[in-house]
Amino acid sequence: MPLIHVQLVDGPTAEQRREFLAAVTDAACTHLGVARQSVRVWLTPIAADDFMAGGVTAAERRAEAARSATGGA
Amino acid sequence: MPLIHVQLVDGPTAEQRREFLAAVTDAACTHLGVARQSVRVWLTPIAADDFMAGGVTAAERRAEAARSATGGA
Amino acid sequence: MPLIHVQLVDGPTAEQRREFLAAVTDAACTHLGVARQSVRVWLTPIAADDFMAGGVTAAERRAEAARSATGGA
Amino acid sequence: MPLIHVQLVDGPTAEQRREFLAAVTDAACTHLGVARQSVRVWLTPIAADDFMAGGVTAAERRAEAARSATGGA
Amino acid sequence: MPLIHVQLVDGPTAEQRREFLAAVTDAACTHLGVARQSVRVWLTPIAADDFMAGGVTAAERRAEAARSATGGA
Amino acid sequence: MPLIHVQLVDGPTAEQRREFLAAVTDAACTHLGVARQSVRVWLTPIAADDFMAGGVTAAERRAEAARSATGGA
């Protein structure tokens, strides 16, 4: 009966997300010894502007990475 | 002061959702003995592709149900 | 498939909590048109010291109510 | 390592939301004595129709406030 | 930066839980293409009396399973 | 009406937690322009063994830090 809520800044494709949900379901069966039917795993998005880690938003980190990639100021 | 978060794959109409929120508020007052003013209940959507139960996504279940309904392969 | 997480400062008895979980399950079937088997509702506690509404914790509100009840300063 | 999830009916601007996330990060460092790098704070929206407080949705409260403001019935 | 919250009725051992957290971290790196350092996964318990699936609590299911195992009425 | 859920590995004192809840309430009023009465902020604990960041649990990090502090192997 594990309830597994994944929150994620948009990025991975639908296929990647599906594979991840399936892998987590497998891991629950393997390591927690629960029945596959009882596993619920779901994913909801967070906007890049609205997620902050260590005082910096995901949007700001992406902009910084893009600037570094193009050697920009 | 109950805080009640409902997560739901899209489906019910706005009116159905409102009636549900009201019914949950009533149930909290009736069964938990809390004041109506203190009850917070809210609903957030999950995309059908991003909810997996027993290893199958809600989108896959819907597609399967549609195929069965039309006798499709 | 509704996933309903209830967070509550300790207070209601086990029997009250069970009746509430059952009433919410019924409300989901009635108003959201979902199958009973698909409804997941669960309740987790919040310590009275660790819940704050409008700048006042539940523990402080309870102490205030107790003082008022005994006419205390 | 505090994990701080803020759920909010739409309203504040992107700038207001960013300032709030930063202020919460500061408060965690100041009051919880945790390292800035370890703080995760994120914000996800709730539709006004889908948030109910005391039996009234945020959308209904807004409509009521608008009527009062214009002296409407 | 995935944030993965697992809620689980008590049952698995500390070792089982740790292996599961590690497997979910691996799955996030493999399928979502995120850096290991950015993955946060955590697990919080739900009391068996306070989790209801399809109108039946986990505690009731366990009692039923125990009765069936001992051939009890 | 912001709903702010803080999840935290045990550590801070009751007083530190209360000051943090109050600071977050202030930040919501200041930056989100919401009424103090509408702010709900609450904190729930995560066991050190059950929180994993970057593949390492909080309990393991603490044990590592203690070893380093005592110059242990």
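Every chain is named by a letter (A, B, C, D, E and F) in the order it is written, and numbering of its residues begins at 1.
Rule of thumb we're sticking to: a residue touches a chain if its C-beta (ideal position, glycine included) is under 8 Å from a C-beta of that chain, and two chains touch if they have at least 3 such contacts.
Since the structure is predicted, the reported quantities are computational estimates derived from the model, not experimental observations.
Chemist: Using the touch definition from the top, list the chains contacting both chain B and chain C.
Modeler: Touching chain B and chain C alike, sorted by label: A, F.
Chemist: Out of C-F and D-E, which chain pair has the most contact pairs?
Modeler: Higher C-beta contact count between the two pairs: C-F.
Chemist: Nearest whole angstrom, what separates the Cα centre of chain A from the Cα centre of chain D?
Modeler: 22
Chemist: In whole angstrom, what separates the CA-based centres of chain B and chain E?
Modeler: The computed centroid separation for chain B versus chain E comes out at 21 Å.
Chemist: Among the residues of chain E, which are close enough to touch at least two other chains?
Modeler: If we look for residues of chain E contacting two or more partner chains, we find 1, 3, 5, 7, 17, 38, 40, 42, 44, 46, 51, 53.
Chemist: Which chains are in touch, pair by pair?
Modeler: So the chains that touch one another pair up as A-B, A-C, A-D, A-E, B-C, B-D, B-F, C-E, C-F, D-E, D-F, E-F.
Chemist: Which residues of chain B touch chain A in the complex?
Modeler: Touching chain A: residues 7, 44, 46, 49-55, 57 of chain B.
Chemist: Tell me, which parts of chain F touch chain B in their complex?
Modeler: 1, 3, 40, 42
Chemist: Which residues of chain D touch chain A in the complex?
Modeler: Spelled out, the residues of chain D in touch with chain A are 5, 14, 17-18, 21-22, 25-26, 36-44.
Chemist: Given the complex with chain B, which residues does chain C contribute to the contact?
Modeler: By the definition above, chain C touches chain B via 1-9, 11-12, 16-17, 19-20, 23-24, 27-28, 30-34, 38, 46, 51, 53, 58.
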